[in-house]
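My questions all concern the structure below.
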Amino acid sequence: MSFNTFGHLFRVTTFGESHGVAIGCVVDGCPPRMPLTEADIQPYLDKRRPGQSRFTTQRREPDQVKILSGVFIDEASGEQVTTGTPIALVIDNVDQRSKDYSDIKDKYRPGHADYTYDAKYGIRDHRGGGRQSARETATRVAAGAIARKVVPGMRVRGALIQMGKHRIESERWNWDEVERNPFFCPDAEKAKFFEGYLDDIRKRGSSVGAVIEVVAEGVPVGLGAPIYGKLDGDLAAALMGINAVKGVEIGAGFASAALSGEENADEIRMGNDGRPIFLSNHAGGILGGISTGQPIVCRFAVKPTSSILTPRRTVDRYGAETEISTKGRHDPCVGIRAVPIGEAMVACVIADHYLRQRGQMGETPAWPFARV
Amino acid sequence: MSFNTFGHLFRVTTFGESHGVAIGCVVDGCPPRMPLTEADIQPYLDKRRPGQSRFTTQRREPDQVKILSGVFIDEASGEQVTTGTPIALVIDNVDQRSKDYSDIKDKYRPGHADYTYDAKYGIRDHRGGGRQSARETATRVAAGAIARKVVPGMRVRGALIQMGKHRIESERWNWDEVERNPFFCPDAEKAKFFEGYLDDIRKRGSSVGAVIEVVAEGVPVGLGAPIYGKLDGDLAAALMGINAVKGVEIGAGFASAALSGEENADEIRMGNDGRPIFLSNHAGGILGGISTGQPIVCRFAVKPTSSILTPRRTVDRYGAETEISTKGRHDPCVGIRAVPIGEAMVACVIADHYLRQRGQMGETPAWPFARV
Amino acid sequence: MSFNTFGHLFRVTTFGESHGVAIGCVVDGCPPRMPLTEADIQPYLDKRRPGQSRFTTQRREPDQVKILSGVFIDEASGEQVTTGTPIALVIDNVDQRSKDYSDIKDKYRPGHADYTYDAKYGIRDHRGGGRQSARETATRVAAGAIARKVVPGMRVRGALIQMGKHRIESERWNWDEVERNPFFCPDAEKAKFFEGYLDDIRKRGSSVGAVIEVVAEGVPVGLGAPIYGKLDGDLAAALMGINAVKGVEIGAGFASAALSGEENADEIRMGNDGRPIFLSNHAGGILGGISTGQPIVCRFAVKPTSSILTPRRTVDRYGAETEISTKGRHDPCVGIRAVPIGEAMVACVIADHYLRQRGQMGETPAWPFARV
Amino acid sequence: MSFNTFGHLFRVTTFGESHGVAIGCVVDGCPPRMPLTEADIQPYLDKRRPGQSRFTTQRREPDQVKILSGVFIDEASGEQVTTGTPIALVIDNVDQRSKDYSDIKDKYRPGHADYTYDAKYGIRDHRGGGRQSARETATRVAAGAIARKVVPGMRVRGALIQMGKHRIESERWNWDEVERNPFFCPDAEKAKFFEGYLDDIRKRGSSVGAVIEVVAEGVPVGLGAPIYGKLDGDLAAALMGINAVKGVEIGAGFASAALSGEENADEIRMGNDGRPIFLSNHAGGILGGISTGQPIVCRFAVKPTSSILTPRRTVDRYGAETEISTKGRHDPCVGIRAVPIGEAMVACVIADHYLRQRGQMGETPAWPFARV
């Protein structure tokens, strides 16, 4: 994982700025002969796309993905499939309105990466946040759509479980509900509450943070690697690498600090399929950096959007003290659109580990290995 | 970061099992001509070393580090310095008592990686946890001692801020206190409480989790890289990769989800040194994956030790259901010894980014670049 | 260097097939604030472009490069400069004529990668060689144009020094001549001879191999790394990775096997600039994997184009024995167009090592370090 | 491949200096459950070991390898096997005689890396060449012994085919002969000649170069990756990275430049096993960077040992001009001992690609895929 490339065998390299010509990515290492067309990718982009409700930025981007390479028609099936060579994906930038951002050219917005980009590079494309813009995450969502196809039987789903101080009730969790409200919230009652709550925040030009949970089911046991290639380590990097994320946890996460060893240990019994099952999942599906076969459960915290109407004190690039308030199009809760992004990152990490596991171990499962 | 190697320009590769001949690591990419002897490394190992109080495992390991390569006497100064070639460090295993572990050879301890290692590899060195043992972290601490010397002016310190449900009072934080109690706790009052609290847990053969905070001061602005080489992304991977860690946060972390944009934004003023200063540090010293020059603040949650006296239900490697209770030498709160380990990982990550930044940008700071 | 990505700090990822929509690359890790427009890249692409004389394939590709990201207008200078973020380059495929290739869809052309691609991936874009086509090298040439700007004072030039059995006379070497003939040949007399020689081969539908020499001047001393990151090791990989290359040598190369130690050793004197100079350059500018400050001299052998008119025995993808002769548009000596490609690869390798050296060592030269 | 680490899934990191405490390596990513003891490695080290005839340096090193980690007794078979965790190997330095080298402390030996190491690092362990010494290659040979076991059915053998100007007769090639003479020469007649020839060179304190050929049989079709992860590209880097190597070729190599397309193309017929066979092997078993299933044939040129008795002009580290002649223990033809080293590097590269191929493609062969 370095600079703008991510993964080892399933590798994603992204490029592009918010208001440049286009954004895109190259997905390398994908197994060949997997059916793949733009139609497999577009639904995930549509889910992340801005402007779909009044709760997300009103920038209107069709986010139409084009595949430039790495696919071909399989003569036998007539289907378009991957060829095992790099898959380049491009999404044109359409609704750029660069003038919206002209007043932030010289001023560093608190909470944004304006100052750090300038301090690092000495130059930055300020329009819409340039490379630091969440717009880049569209390319990750596209890559994630491909990653989902790499691991047979895997299903990766995410949900918003907290907005501001308001946490959902876990007993009301209903995956079907996630598709029915504009917050990707699995708790119908809380979703209803969020409508008024977020409307109020939006109208005040304020913003609020959120917590997202991503669950990956159908992940084979044995993925991950000890020490520095741990599955949870790679998930943590992938999720912390999403814009505005400030915390990541696996399974019981920070709550595990308050538990006793007796409470935390997930006891094991034999399942009907001849594989161990765990009576609880405090581990979040990962022990010692390696998947257990249980669902992998990750959560991450998204800070409130830093673009707010209330003026904040700051400095400009010439070192003068000043104030700024942001009037552009923004999400009052950027955490909402982080749901499909989090799913995509989790899918990419698991796909990479799936290939790495197959590389070192082959396809014959190691366990059960000593049954008499 | 792959398998057992970590870092890009400052690279650490570790090896060894808990009850093998030795553990060790190779540190590659270290700048040349840095003074380095075993005496620079040993104090950090001593801090992590088990058996120093009744609150850590009673295994007695001198943890004496030997440098096998990568150093030479500088004729001009008479000092031993790094040569820029790989530095191999070895620590012999001494107090192994393998018999302690013979009854866990076939049974999978809940909360440990016994089952996942077997399922992944089909073979495992079960003695003392083998490769999954926290013993491996000694080599990370050794590498961290070298990393600290790479970044001029950097100071990395850690502290235990929560044990079980008990959080310290931040207004009582005193760094000097950390060295004075066996918990690395910066709150003297809470440390006193922890003595009785943990003694009780220890005597019952139970265990408890903890939260650790690591603060890196003196980190230059501009370290990190956008998108996939983010400083916080790499820190998250490094800290999540420590044994028993289930959550990582930067700055305000999970609490930021409950904040409004107004509360969360760190306002900026000009400092006396002609560089921006931030009026608060919810960002934890990182914006857009790049360091701001403020202290870098990370926290991580350590789950309770899974080795406990109370019998737990499990299965054995032959698929039979059974029970297990762990009687070996263990830490009632493994989070305590995670303090020096967390410091080491943070130091390694920052050292790596320091070199990467210098590679891409050179040594001339980019900012202030446009002062008239 | 893995799959379709190349380099560590200066990283190039390429994508695209011969007859797909477009080819392109992402250049990551480039230092910021370097002036860069399409006009800096286009001349090198034009040099490599097919169809410029009767001695190269008659495919007509404008090879117009577009920069999609990673550049911005520097306000101070008004120039377009790099921003330090990924630079995506795209070249549309225009003159594709896929029908030319329909008869090779099922037959494996001897000397081409048709069989190995099918055996590896089970699917391949056969049109024009798909991903195996030399067309991909256009993107390398584009990346190389950027790499040239990374190392101050570096100049990388290449020349064809052998075609078939005919080697140039080194005493007639004239760099200016290289631009004056369609062979990039520095020996005017031999270039004249090649006209008739290659015309004859071309008319017979045959082909011939070549040897190319690339010289990099102005490379600082100290680039490279011992053991596995050797400058010559990375050059060897980069040059051997060009299509149709079967051999690489540095300095005296294979001829050094026949030399005695006395003949081979490059004696050293002090130069007027206070730096050592070498009285000869059998080493080709590299000792122990590290640059000496002398010109870096590499040569590589390009096999004859495998696409020839004479029918050759082969098999088809169904396992039936058959014959094939190739009638498409092809270069009678593919080595000619390998000259700008070789230059590009050498420039990329040196740029990467330049940044890596700066990362580990900083910008203060280590030598002379002990002058009294 | 970076600095001192080599390979992607089968990864080797080496450390150590010629006259330090020890040299060694860490082999990471090795598949688990492969039988492995020191006895599997030692024979290859013995083959490379100095002091076995009057034609190699008289330094007496037992080169006894110790495995520190990554192996365990498999209960079922009673055998010691790999566990899939890092295998650390250490070889103590015994016969160091550092005084031999005291006079080269300040003078740069022409042809050696003394100057470039000093210029890069500003410090170097001069004793016996320190890190630049060929002694480091012992660790590669050890790693290669493990690599050989990774690819089922693979056999890697090397031979010296040229010394000075004297090339063997290929029709006299006899693999059995390689073990019978101190030159690893497959031509008994030429080996006999080499005895007197090299004795003369040795007595005069001179040296001579050599060409080595390595052949890997039993390599599956499909290993390698297009563009930058080419099998031949990685082989070129690996072989060029051996001390004193100045050229690498695959198959027909540089000779292919002089061939016509008709001569060079390896025609294809169907073999009795239902797989294509090639009627010749100019390709050296690799097309488009991917293995064909034919034997992989590489050659590399080793320059003459730079340590010679005849005084050569040079400079010292203070910038003064001087002369030097080397009196230490040296190989008159360092190419001889490069034979087992070349074999090891080829084995490591192929093992890495074997695992990478399995990762991306799985274990089901892609071809024949369309047989009706």
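In order of appearance the chains are A, B, C and D, and numbering begins at 1 in each one.
The definition used in the following text is that a contact is a pair of C-beta atoms (placed from the backbone, for glycine too) under 8 Å apart; a residue touches a chain by one contact, two chains touch by 3 or more.
These figures come from a predicted structure and were not determined experimentally.
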Checklist outcome for this item: If you tally C-beta contacts across A-D and across A-C, the winner is A-C
Checklist entry - For A-B, which listed pair, C-D, B-D or B-C, repeats its interface with over half of the contact pairs the same? => result C-D
Item to check | subunit A-subunit D separation of Cα centroids, rounded to whole Å | outcome: 44
Checklist entry - What whole-number Å value describes the gap between the mean CA coordinates of subunit A and subunit C? => result 38
Item to check | subunit A residues counted as touching two or more neighbouring chains | outcome: 2-5, 8, 14, 29, 32-33, 84-85, 120-123, 131, 226, 361, 366, 370
Checklist entry - Where on subunit C does subunit D make contact in their complex? => result 1-6, 8, 12, 14, 108, 110-113, 115-123, 131-132, 136, 162-165, 201, 206-211, 221-222, 224-230, 232-241, 243, 246-270, 274, 276, 278-279, 282-284, 286-293, 301-308, 310, 312-315, 317-321, 335, 357, 361, 365-372
Checklist outcome for this item: Per the touch rule, the subunit D residues reaching subunit B in their complex are 2-5, 11, 13-17, 20-24, 26, 28-29, 32-33, 66, 68-70, 72, 74, 81-88, 90, 120-125, 130-131
Checklist entry - Within the complex, which stretch of subunit B touches subunit C? => result 8-9, 29-33, 75-76, 84-85, 226, 355-356, 358-363, 366, 370
